[in-house]
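Since the structure comes first, as structure tokens, the remarks are kept for the end.
Going by the order they are written in, the chains are A, B, C and D; count residues from 1 in each one.
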Amino acid sequence: MRVAIFGQGYVASILAVGLQRIKNGEIGYEGIPLADCIPRKIEDIELTTAFDIDVSKVGRRLSEVVQAYWHDGIKFENDYEVKLGYEDMRGRGVDVDFEEVVGQLIDEYRRADVEIFVNLITTEKAEPFEDVQELKRAIRENDVDRVSPAQLYFYSVAEYERPSAFINCIPSPIANDPACVELASRSKTVIFGDDGASGATPLTADLLAHLQQRGRKVLCISQFNIGGNTDFLSLMEPERNASKETTKSSIVSDILGYDVPHFIKPTGYLEPLGDKKFVAMHIPYISFNGAEDELIINARINDSPALAGLIVDLIRLAALAIERNEFGTVYPINAFYMKMPGPKEARAIPKMFAFELVKSWVYETPSIKAT
Amino acid sequence: MRVAIFGQGYVASILAVGLQRIKNGEIGYEGIPLADCIPRKIEDIELTTAFDIDVSKVGRRLSEVVQAYWHDGIKFENDYEVKLGYEDMRGRGVDVDFEEVVGQLIDEYRRADVEIFVNLITTEKAEPFEDVQELKRAIRENDVDRVSPAQLYFYSVAEYERPSAFINCIPSPIANDPACVELASRSKTVIFGDDGASGATPLTADLLAHLQQRGRKVLCISQFNIGGNTDFLSLMEPERNASKETTKSSIVSDILGYDVPHFIKPTGYLEPLGDKKFVAMHIPYISFNGAEDELIINARINDSPALAGLIVDLIRLAALAIERNEFGTVYPINAFYMKMPGPKEARAIPKMFAFELVKSWVYETPSIKAT
Amino acid sequence: MRVAIFGQGYVASILAVGLQRIKNGEIGYEGIPLADCIPRKIEDIELTTAFDIDVSKVGRRLSEVVQAYWHDGIKFENDYEVKLGYEDMRGRGVDVDFEEVVGQLIDEYRRADVEIFVNLITTEKAEPFEDVQELKRAIRENDVDRVSPAQLYFYSVAEYERPSAFINCIPSPIANDPACVELASRSKTVIFGDDGASGATPLTADLLAHLQQRGRKVLCISQFNIGGNTDFLSLMEPERNASKETTKSSIVSDILGYDVPHFIKPTGYLEPLGDKKFVAMHIPYISFNGAEDELIINARINDSPALAGLIVDLIRLAALAIERNEFGTVYPINAFYMKMPGPKEARAIPKMFAFELVKSWVYETPSIKAT
Amino acid sequence: MRVAIFGQGYVASILAVGLQRIKNGEIGYEGIPLADCIPRKIEDIELTTAFDIDVSKVGRRLSEVVQAYWHDGIKFENDYEVKLGYEDMRGRGVDVDFEEVVGQLIDEYRRADVEIFVNLITTEKAEPFEDVQELKRAIRENDVDRVSPAQLYFYSVAEYERPSAFINCIPSPIANDPACVELASRSKTVIFGDDGASGATPLTADLLAHLQQRGRKVLCISQFNIGGNTDFLSLMEPERNASKETTKSSIVSDILGYDVPHFIKPTGYLEPLGDKKFVAMHIPYISFNGAEDELIINARINDSPALAGLIVDLIRLAALAIERNEFGTVYPINAFYMKMPGPKEARAIPKMFAFELVKSWVYETPSIKAT
């Protein structure tokens, strides 16, 4: 399984370190949901190239870039050089020739002989195209103000001539954009997305399902997150945070079956917390005979390893999907691994059931139905 | 559905109050898992009689007893008188004629025209009989040092000539005692048990399943509980607490698939907390690439309403089971509603899946299999 | 002690209810720091009048307004009518004759025979005048865009001919504005302020002092607050929140002696929480030999009673200050009761020491010095 | 300052490591309350010898023993050999010649030229002697069933001919035993004790003081502690825990001025937690107008560094006390640094005030009085 990375930041670096340490026999399969219960070996994943726009990374070797995120030295099997990616050009008033950009990217894909792509660029604001003609028009007309970097990367993968997979770990609508899904179907591309379900949201989803199963009436939900990695820094920009907020709060009514007032969003940035965020949640609810109970959850969660562990599965599931010719998007995978599972009309389900869907898909057994 | 109660304490009183308020239209179905998704109406439950050994309760009307647990006045449709039950005679060196005791109980059951029995007596120490002959021998020989009150009540229900159900909400082994289950099968008795799954343990079970699904390696588990109701008071006696401890910690290895050091047991008694206990949990675990995360859960939970809400379902499910002639014990029901689901060889599963089993059983649809 | 209220909202209503219930002998002195350790009786406090701008309150009796905040009926000794106050006219492009407004207010003060004024209007944006001439100019020239309601109310109290006290429970700079303090000194007015120190900030202050005394190096501080009263609603407007933020974060460097990255501010509004807010705090720190510890504090705090209890003291301390001719502002009082203790150059000290200052002031004993 | 250690366990090892790293310039003074605000340099502390009874430690070098508690290698300036100490002989039916034991210990003290002794042996059960004659009798008659190891070590220090100090960091009554204090006065010995105030109890004390200052009525207090070091292991033996419990709960009524139901004690042992314990606290209280609030505190605290940091101060304060001829016990020091400050009749005060007492004592300024 040959993999390319968009965005050589914290998650991509921890992914590289963890995979190498597994290959070295230094650590086990902790944090990888399917571990060895899947007919693809973790040790066969090869990270082959990465694209970034940060000048301090472009042209550097993986081992150099990783030093910012991992302080024990490590030697990589394939110590690739980070390539220049596509920078956000919206609102900059510059001319871009998309055909040329896409061509250069595809040249790199060929050179690295890649089939699976993982999108880990910084959270961005992006609008779905809805219609595949609209997407094609924007590319054709070099409509630089319309196309986000994630959308451009996806497009380049769809244009790449071989069957491949695009794993979208950020909130930009790819699996949730009917235009992208249709283009993927046509071009033999698998999409997994959108927004990797690490962090506190899957936990919230399962807690809400737990309460819902007992008939408890949730009164409101507070979920605070504060961290010190660049993801939190970028989310403090109101526009980016808005896209995160959409993602996260859809789970409430999907799972409870009714809406309640809630505050669920990244709350702040504190540099000393680094990658290990602090989460606080508060859920008061009504039990039998009008009794009022409350749950308070606090957590310290290493953000990047949580997502990197999921990506280890997603890469292997992408290889399976390509082999099975399941192009377009694959809801059973998205339902567990993504915060905003595509396609567009899909709803969030408790992660505990979603995991059963994943296993049914992997083993090709009849799937359960959470009612 | 005509119901008798063993143990007219906090839970039984809140159950009576809640049912009456639902009939009065004062409250909704909060805290009742199946609410109106089951072909038996909550409003058709009739509490008809209760047995207790507390002299301050025996001979009093329900409405008088309830005043100790519920301060707003309430008028009951059926304001029954609490009858004298069977007191624990073990180690007291007295003679008891079990045939006579059982006969008197059954007379009351007939008089009240009961078919469903809910066991809510104080947590007791009890040993399973394992073999039905051993149980019969202990009764026949009036072996007063062997038979616990819960076992005697169960036996009286099995002897009661009509098809009936015994819902065991305390940790005494009834559904987990092969002797009781066999006797129940022969005598057209349904057993649901053991130990109603309210409180923090089902939450712990679902949280552990959540971590397990993500491949996270749990390092250890602390779960403290402190409350001010008589259940906590009695659990502070080391012998009673031992039986509680057995129940609760079996979930760890059942759900995680491996054992970890854990401290899960009622921890203390503080009278001012009353029925609303304080729970604190701490779960550190290893995520991808060796990262150490931790979860801390705090909760304030009203103990009695949580269990009473489950009993509203269990009574209705018992009526269904009798109608369907499912005598002995019913694992799909126990798996969700009980902390130590019978029969003996059954294991704990995440409550979230167990709930699907319940619904499959109710609707007689093919059941899922949590793998 | 005859008292007038600016802003007949939650706090003022709970203050009125609590004082009446104390007079009725229904409750004790809980939540009143000095309780009966002060030579002024709580029972001698008389609320005589109030000013508000909410049309649903103006012209109504206290007992009617209170119904929105307190659901058990209550009968007031003095069931005053709420009068029309001064509405914020900044940026509205209207003409106001300040002399006339102030004259009408003072007429009411005389009629109600008031000597102590408590400012409880909604949090507003306000700029200090710094110089008393500047304040006088703005009033004289009817500079309606410069003068905030709190500043106008203060000015009217300073113009009121008898010795009196202005207790500023909101963040507007009154005790922290040298202009107001100087005017107060000249006009025999006592100022206590600014921003009543209820809520989580005093707790944070004492926790930081606790860590500081042990030489522990705080790494960062997160403090989230979410509530459902109108104060939280108004703080969600960025401009108002900014004034709150200033107040709260000054404590960090004042108490620790060094600054650390911190996030301390009202975080959200959830209507179902009502007046009982949820607070979550996280403080990681370095202990001996580089060990990293962390504190997590969660709280449910009824906001309005917390402040109302302090006001019961402040009214009595104001009466003492008037009697002692301590006009201007009184730092020992402010240091304990206020989040941003005036005068301007004063710094925050741990509340635990500040309380000793209060007692020294009350008993006129030599004061301690927290070093 | 030449120091001997009784009990070369976790705390003593971290103390040795931390002091060496400070001398090496690797770390700062974090976790040392008085840091550089005291006329004795941390760098002048010399650990010269230690006594233990664990066969895996006796005869080994400090650097070898430390490996069990500190995994990064470290080189000690004075890499002393651990000597055999006095083992608990109570209830063993053996003969011991105390004079000989004490003689051998004193020989070692002389050889190592020690003046300050730190008692860090495992928590033990011990009864105060109350009367100095009773203590002397027990020693003279070799009453091996009466004298605990801590008491024997103290006695040996008192017999040591030079002015010296005994810092008692465990709950055994030394500073709280009038017999020991009198003997210390006579023999030019300083006692600091009893039971080093690290851990959650000082935090609880300050939190209760915080509530008390605001007139809030505490309803009850839960404080759970669970850890994985040998201290927790030993406290799980009911007899040892009893002595811990006495210590900790005296703070409630001392600080609040009234008693409330409370559960404050080490709760369990979980080996994977190691030296970093988990603490959960719950404090509900009544505020103004009968409102019920609650505080929940969770903490992860490294036990050994917390105590080791205090010992760095206590050693230096002991040197000061010897120089000032303040023999017997020194309440202002005990009040801050000890959980059960001696002498016997002393009461617990909020730690925040106690710290002011320490500073007054150090700088010989007039002391404050917390009222």
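The rule we apply is simple: contacts are C-beta pairs under 8 Å (C-beta built on N, C-alpha and C of every residue); 3 or more make two chains touch, one makes a residue touch a chain.
Just so it is clear, the structure is predicted and the values come from calculations on it, not from any experiment.
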| Shared touching chains for subunit A and subunit B? | none
| task | Check every other chain and keep only those touching both subunit C and subunit D; list them. | result | none
| Distance-maximising chain from subunit A - centres being C-alpha averages | D
| Whole-Å gap separating subunit B and subunit C, where each centre is the average of the chain's CA atoms | 51
| CA centre of subunit B versus CA centre of subunit D: separation in Å? | 47
| At which residue positions does subunit A touch at least two other chains? | 294, 296, 298, 300
| request: Give the pairs of chains that touch; include all such pairs. | output: A-B, A-C, B-D, C-D
| Which of the residues in subunit B end up touching subunit A in this complex? | 14, 17-18, 21, 27-35, 202-203, 206-207, 209-210, 213-217, 276, 286-302, 305-306, 308-310, 312, 350-353, 355-356, 359, 368, 370-371
| said: Under the definition above, what is the set of subunit C residues touching subunit A in their complex? | reply: 219-220, 222, 224, 226, 260-263, 267-273, 278, 280, 282, 284, 294, 296, 298, 300
